[in-house]
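Letters A, B, C and D mark the chains in the order given here, with residues in each chain numbered from 1 onward.
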Amino acid sequence: MQYQPASSHSAAIIGASGYVGAELSRLVQQHPALSLFGCYVSEHSSDAGTLLSDLYPQYAHCLKIPLQGLTDNEKSSIKHQADTVFLCTEHNISVALAPEFLEAGLKVIDLSGGFRLDAVEDYPPFYGFEHKQAHWLRQAVYGLAEWYPHEIAEAQLVAVPGCYPTASLMALLPLKKAGLLKSSKVIINAVSGVTGAGRKASLATQGAELSLQAYGLFEHRHTPEITQQLQHEVLFTPHLAQFPRGILATLYAELNDDTSDTDLTSAYQCYAEQPLVRFKKLARPAIKDVVQQPFVDIGWHRQGNQLIVLSAIDNLLKGAASQAIQCINLQLGLPVEEGLL
Amino acid sequence: MQYQPASSHSAAIIGASGYVGAELSRLVQQHPALSLFGCYVSEHSSDAGTLLSDLYPQYAHCLKIPLQGLTDNEKSSIKHQADTVFLCTEHNISVALAPEFLEAGLKVIDLSGGFRLDAVEDYPPFYGFEHKQAHWLRQAVYGLAEWYPHEIAEAQLVAVPGCYPTASLMALLPLKKAGLLKSSKVIINAVSGVTGAGRKASLATQGAELSLQAYGLFEHRHTPEITQQLQHEVLFTPHLAQFPRGILATLYAELNDDTSDTDLTSAYQCYAEQPLVRFKKLARPAIKDVVQQPFVDIGWHRQGNQLIVLSAIDNLLKGAASQAIQCINLQLGLPVEEGLL
Amino acid sequence: MQYQPASSHSAAIIGASGYVGAELSRLVQQHPALSLFGCYVSEHSSDAGTLLSDLYPQYAHCLKIPLQGLTDNEKSSIKHQADTVFLCTEHNISVALAPEFLEAGLKVIDLSGGFRLDAVEDYPPFYGFEHKQAHWLRQAVYGLAEWYPHEIAEAQLVAVPGCYPTASLMALLPLKKAGLLKSSKVIINAVSGVTGAGRKASLATQGAELSLQAYGLFEHRHTPEITQQLQHEVLFTPHLAQFPRGILATLYAELNDDTSDTDLTSAYQCYAEQPLVRFKKLARPAIKDVVQQPFVDIGWHRQGNQLIVLSAIDNLLKGAASQAIQCINLQLGLPVEEGLL
Amino acid sequence: MQYQPASSHSAAIIGASGYVGAELSRLVQQHPALSLFGCYVSEHSSDAGTLLSDLYPQYAHCLKIPLQGLTDNEKSSIKHQADTVFLCTEHNISVALAPEFLEAGLKVIDLSGGFRLDAVEDYPPFYGFEHKQAHWLRQAVYGLAEWYPHEIAEAQLVAVPGCYPTASLMALLPLKKAGLLKSSKVIINAVSGVTGAGRKASLATQGAELSLQAYGLFEHRHTPEITQQLQHEVLFTPHLAQFPRGILATLYAELNDDTSDTDLTSAYQCYAEQPLVRFKKLARPAIKDVVQQPFVDIGWHRQGNQLIVLSAIDNLLKGAASQAIQCINLQLGLPVEEGLL
């Protein structure tokens, strides 16, 4: 695909009022090759008609953009005039909305979980709704940008990975692909900031209720996402912390016998030229080092066959919005980090 | 009044599911001279029927107490069998509930703002409702325990002070009573933890929304409360911080000419025998030093006629629940700190 | 052993100026059966001569106790007049100090790691010093209060467990003793507040440097402590968080085939009568629920043979000072929770 | 002054290992018109020889820059080859270093307090050292970028304002210059994150010691800085909070009689075209909205003659490093926000 001249590619953002939507709006807004077609919320949302910068004073200088209700008229104008739709909507809303934009010929980059799993059968148990878009689910490409650049470049529908799966898969895929993982289950202990729960009133995320606590034991919907992508059994346990942003995943894996340090180094060599992966052998990534940054920080430590990989991201960026930008960069033939550094 | 034998005095707590209600339930529960008659919530609350310890796992060892819906039957049994009712309800609910318990002869200790202001006319502008209990409002004694011990001891209805007023008045009343304050307005800059906003879902108190921000400028309802009690004009500005508990008030006052250090020392001498006031001339009270403690920490600093007083409390304890216990201690003729240290 | 009349048992605290020492001083001070003989710091410490309450304004009401330099004279008076010495000193200092008090006939309760490991050979690799007290190391009883009450009651020298080992062992020992653990290694992912690093100036614990980060991978000295006590291989990975107090351990264990829920319930039944263990099958313990409390909160979750146990403590209390009080309570024939609730 | 072609202007940073130095290194590094000549620390610093990115893993992608000891050789090469020196050194070190670079004809932008006050006599009482550079102190231009653009553009020596003074003066100067302030003292209540204390080991800034506490009452060195610049008496009280970055100043001022809202609006109209000032009449700036941003957020609220102005900045950016960039932009004839958005 040819390089597109600046601002020629027009992107609409639906569900722009959430934490991810606002980050994405900012990134699209400042992207040299994208123009922001518009920011949309549900027609019935009380946010419709307000400025995005009223919800996010931190972006008062750049997001004086009206949040528009997604009426039929607006949908129609998006279909006729925009090139790509980013969906930052609830899972089931994404599934409902995506097909009409796809059928109108637009590209859709979905940041929900609506098109991440392998099959419609996975949706009722993990997402609690019937998924009626088996066709589009099959078409969807998993948007882990460093791993599927060609597929993403060609895809009409991209399912941007979940935040925990991004932190986990970026750490584990090099090992899996290199055949270094023993068949035993990988344990993923992850801690997330509270923006991961979304921008909404909830007693569980009231400031005074937060400290550090596990949740979703054995049943979090990111478990099948990781398993399907990794093709390896994992035990994933998320924890909610009191800080606003960031995920730290501590991953415990067993290596095949005779795995050398050199094998590990070679495996992670896949990231050598990746501008948004900061890999360092003995690094101990920290939440503070990735907050408000589009990177994933990775380090590994071993003792015999026992491997620990540490992986940190900003859940709203590499775990959502900046990875979505990586995907559209790939589609536009741009460097993957365009507009992100 | 005679000392009451242990557990002879029976107290019911209405509105027990909130942050203040839970602290108060714990304090009553462990108080040597009180027995907890019962913990109540609104008849229609979804918390009715659950254990208080299910809402507050930190008190799993001591608050396995059912939250009962406040039905007519329950009200009747409180009236016939309990001695004191603590109201931890919304302001207007307190105003509605207090009279029937008072008329049944019970003591009422109200932790809301329903009986704190001087006159019913103050309620519509600051609390947004018509106050129809002028009689009881006149009867109410302001429960600032160190200042009105005799009045509280005799009162049938006690209005426990607000959290900000407690921090402010404890710092300023010694100066006012000693005649050291110039007539110019006192500036009160205060910062509170998020429990001050109550236990409820709200976007403004979502963990990710918190940092440090002023609110209620010129119009917070604690302004008239402080002014009326202090009989001095104040400019009170609260701020919401991201920590769970605690208030730090930084108070700026002008001293009358010729006020000596000795005058100041004498003024604060009123606290010399008060077990729950930790006064120290040049102290710089910190939030961490008062959290989960029933104390108010006070220090002063001056330069010429300019005085700064620093005052810190736990908003849920000295700012609410433990001060309510001080009030009932006074009523029972017990040491003011009974059950608190 | 006979019950001791109140205040008859005299305890000296050496290393009282640290976070653990201060908590312990407070607990001894308010304990109905103990009298605080004195609080000591190194003879050369700049803290010598100051009041403990000057270092800990939160305890201004109860710890107006001078920190005395531990001169030879002071040692001598301790030996002649005190009954028990609590050591809150550095590991090697404890090893150096304990024998002389033991030989003088006192009981010693050591809160350092100086007497926790099985053999002197374990010390150079994990603690970096030669341990020359093999005799006393053999005499030392591991002070995990719920597990070794009789041994502790009889011991002259008690080694109070480390904070992470306490959280870990309290969760795992019931399973191990009941024979439910498969031989595969147990993974312990733990997160601690910054008081765990001790009260000292250090760039790594400067407020702005903290967020969430793993440390001590594969080499933390609590690994051999846990392994030796559990008699089971573990992989222990600590993390430093930005909150002040508390540890949350997330433990991943494999159960033997055919382990039923009933087996698990039976195993944890050992805690049914323990007043300082708050066990609940599906509980998800949170840091905020244990801070400033002497409890360990434990819950378990399973899926097939995979078990996750969650365990939370206050690192300064159940992880140190309050557990030391449990030990002395056992020695004095008092209820284990005496002075703690 | 003419626009300089990209990368033609070469800047050395001395004291680059601190929090401010690192931010400034990043900003210079990514600035389109600057080239980073080198990053320096004291010859004897243990940081000499390490990479800046080793101290700041969050900047691992952009600051793989060696910290060089500032030997005589290095000084000489800076003098001969660099155009501007940024000093992020201790106050007295700046005073010692600046003259030799100035005399060599370089521009010096000093981020310490070494050249901020009016006269050498102010230094012993507020900075604790004799200031022997009266000549250069007179030459120094106060680098409050929005207020003294022409003077800064022409200056050889710029004294970048302190963090608290920046937050305070940006809020107050419009009022003062418009003649709206009554002569009574302005009260400045300010709260700062812990990076304000600098990157160094210190017990007072250990994570567990932080909460919210006033300090420097009546004697902070930013008081004379504000007073001299504002030409108005102020009472400035700083507080240390537990968050890493950001300052919120709440300013209490009295307006002259007959000051209208229009007068206030007109006064702040001076910022209408300023890209790094986000002014909004009733705004309530929050720390979270300015962190990691080069803006100052300002809002005002009044009641009669009483005015409250709220002002928030990132102490490391608008309070130091990004304001230093504004200054060099002015000197190079670039837009003031060049390289900052």
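To be clear about the criterion, a contact is a pair of C-beta atoms (placed from the backbone, for glycine too) under 8 Å apart; a residue touches a chain by one contact, two chains touch by 3 or more.
Bear in mind that the values here come from a model prediction, so they are computed numbers and not experimental data.
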Between chain pairs B-C and A-C, which one is joined by a greater number of C-beta pairs in contact?
-> A-C
Most distant chain from subunit D by Cα centroid | C
Roughly how many whole angstrom separate the Cα centroids of subunit C and subunit D?
-> 46
For subunit B and subunit C, let me know how many angstrom lie between their CA-based centres, rounded off.
-> 37
Roughly how many whole angstrom separate the Cα centroids of subunit A and subunit C?
-> 42
Subunit A residues counted as touching two or more neighbouring chains | 209-210, 242, 244, 285-286, 288-289, 291
Quick one: which bits of subunit A touch subunit D in the complex? Just the residue numbers, please.
-> 57-58, 60-62, 244, 275, 278, 280, 283, 285-286, 288-293, 295, 297, 341
Over in the complex, which subunit D residues touch subunit C? Could you list them?
-> 19, 193-195, 199-203, 205-210, 242, 244-245
Which positions of subunit B touch subunit D when the two form their complex?
-> 185, 187, 189, 191, 209-215, 217-218, 235, 237, 239, 241-243, 246, 248, 250, 252, 284-289, 291, 301-303, 306, 308, 310
